[in-house]
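I have a structure I would like to understand better, so I am pasting it below and will then ask my questions one at a time.
Chain nomenclature is as follows: A, B, C and D, assigned in order of appearance, with residue numbering initiated at 1 for each chain independently.
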Amino acid sequence: MSYARQMLDTYSRTANVDADLLAAVIDALSDCAQACDADTAADLSEQNVAEMVTCIRLCMDCADICIATARVTSRQKDYDASVTQPLLDACAAICRSCGDECERHARMHEHCRVCAEACRRCERACRDLLDAMK
Amino acid sequence: MSYARQMLDTYSRTANVDADLLAAVIDALSDCAQACDADTAADLSEQNVAEMVTCIRLCMDCADICIATARVTSRQKDYDASVTQPLLDACAAICRSCGDECERHARMHEHCRVCAEACRRCERACRDLLDAMK
Amino acid sequence: MSYARQMLDTYSRTANVDADLLAAVIDALSDCAQACDADTAADLSEQNVAEMVTCIRLCMDCADICIATARVTSRQKDYDASVTQPLLDACAAICRSCGDECERHARMHEHCRVCAEACRRCERACRDLLDAMK
Amino acid sequence: MSYARQMLDTYSRTANVDADLLAAVIDALSDCAQACDADTAADLSEQNVAEMVTCIRLCMDCADICIATARVTSRQKDYDASVTQPLLDACAAICRSCGDECERHARMHEHCRVCAEACRRCERACRDLLDAMK
């Protein structure tokens, strides 16, 4: 059981979002940030680095947005839709762009394949939370 | 002249957003993050800390979102509206909530007055950039 | 298998640090940051918030330092000891302080007990990596 | 007057570090992080991107460490030397490495010249604070 899940069990929240869903989002955000940071570094080690520039740019943005979203989501007591909704929208959008770009390199670079998978899972998790908040 | 402005002058971007406007946004985001982090700490030092809980929560979220937005904005070459727009929306929304809450404590706590000002400036800057991107 | 471990398997590093050890550190840093962010929020919901002020302060610092250390560690190709060593020292030190403080509240607040555990694991992981780098 | 300086004037700290010095450090950290993020993006736009890989790597680490150090420093009430000292050491070390690397590209790339200057200023500020804390 992840720390996100354990922590959610320790205190009562007023938000009526399911704890399993919330923990899945926080874990997916954290995994995706980690995969993107590692992928940035792996891309920079490739011989064809000039072809990886877009992938590097997107991974950097994706990691930053996932980290901020994870922190805000981990701390939420009540969900303020005016903040959480556009933040999750931005996060899902960068995960989609980054996942698409990583997938383009997935056959050549295994690190991009793994990162694409983390981005897809994170995009889905953000959209699930957006749906649950409606 | 801020480093944001100096850096923007050193390389050509394809984005057709005015450099003065962009530098003003990056500086306002960075200032707001700093003011919110300092205000969190100052709130925690107050005797009436129980009354400052909402202010602390909002300042933490505001700092995290401003930092991520500043980093993404500082690195943008082309603006991907599907990411940048909801991110700036989220940032303007948390700056508004945080600015409103800080203002409630502004008469009693000078640190909240200064932080409210930084939030207001940052909210305006985010909205100006959103308008310019349309 | 965590994403940190999967990513480490996808590209060759020159660093002669064991991949299992490295993945364990990155995962522990990420878990600890997450636990600290959640604990900050949980502390702020407690009735005795005035008694939790030190815990909140330490959790905020611990989360920020763990995140930076995780990002730098995730991206390392060669370890630059002049940076990585003091960074891991700082991280182990804040994990110790934060773990000690959380432990003081562990009996009363389950969220502090879980957070203390994450801090202890992270402190140990940082020290293990420091030992391996010698 | 920067927000860091304004905020430091609004509440009393027990730390006996001069407020001017502290504000200068916080501002230098924030400027350096911003310059490094912008330089990363500018490096990625250069035709000779393969030659900029080390510069990009160092700028990413430098930005992350400066941001964490700025946040921890902005919130400090009492300085816990066991944390603050190694953190400032790590920050000064990465600013030195990053400044050295940026300087190597300063004649060819104006963005690296500006970033090198921000790194030098930040390194000096961190060392000044380390000296003052002794």
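Methods note: contacts are C-beta pairs under 8 Å (C-beta built on N, C-alpha and C of every residue); 3 or more make two chains touch, one makes a residue touch a chain.
Since the structure is predicted, the reported quantities are computational estimates derived from the model, not experimental observations.
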From the C-alpha centres, identify the chain that is farthest from subunit A. D
By C-beta contact count, A-C versus B-C, the higher one is A-C
Per the C-alpha means, the centres of subunit B and subunit C lie apart by a whole-Å value of 27
Whole-angstrom distance, CA centroid of subunit A to CA centroid of subunit C, is 19
Multi-chain contact sites of subunit A, meaning residues that touch two or more partners: 40-41, 44, 57, 60, 67, 71, 75, 77
For the complex, give me every residue of subunit B touching subunit A. 57, 60-61, 64-65, 67-68, 71-72, 75, 77, 80, 82-87, 89-90, 93-94, 97
Parts of subunit A lying in touch with subunit C, wherever the complex brings them together: 2-4, 6-8, 10-11, 26, 30-32, 34-35, 37-42, 44-45, 63, 67, 70-71, 74-77, 109-111, 113-115, 118
Touching residues (chain side subunit A, partner subunit D) in the complex: 40-41, 44, 49-50, 53, 56-57, 60
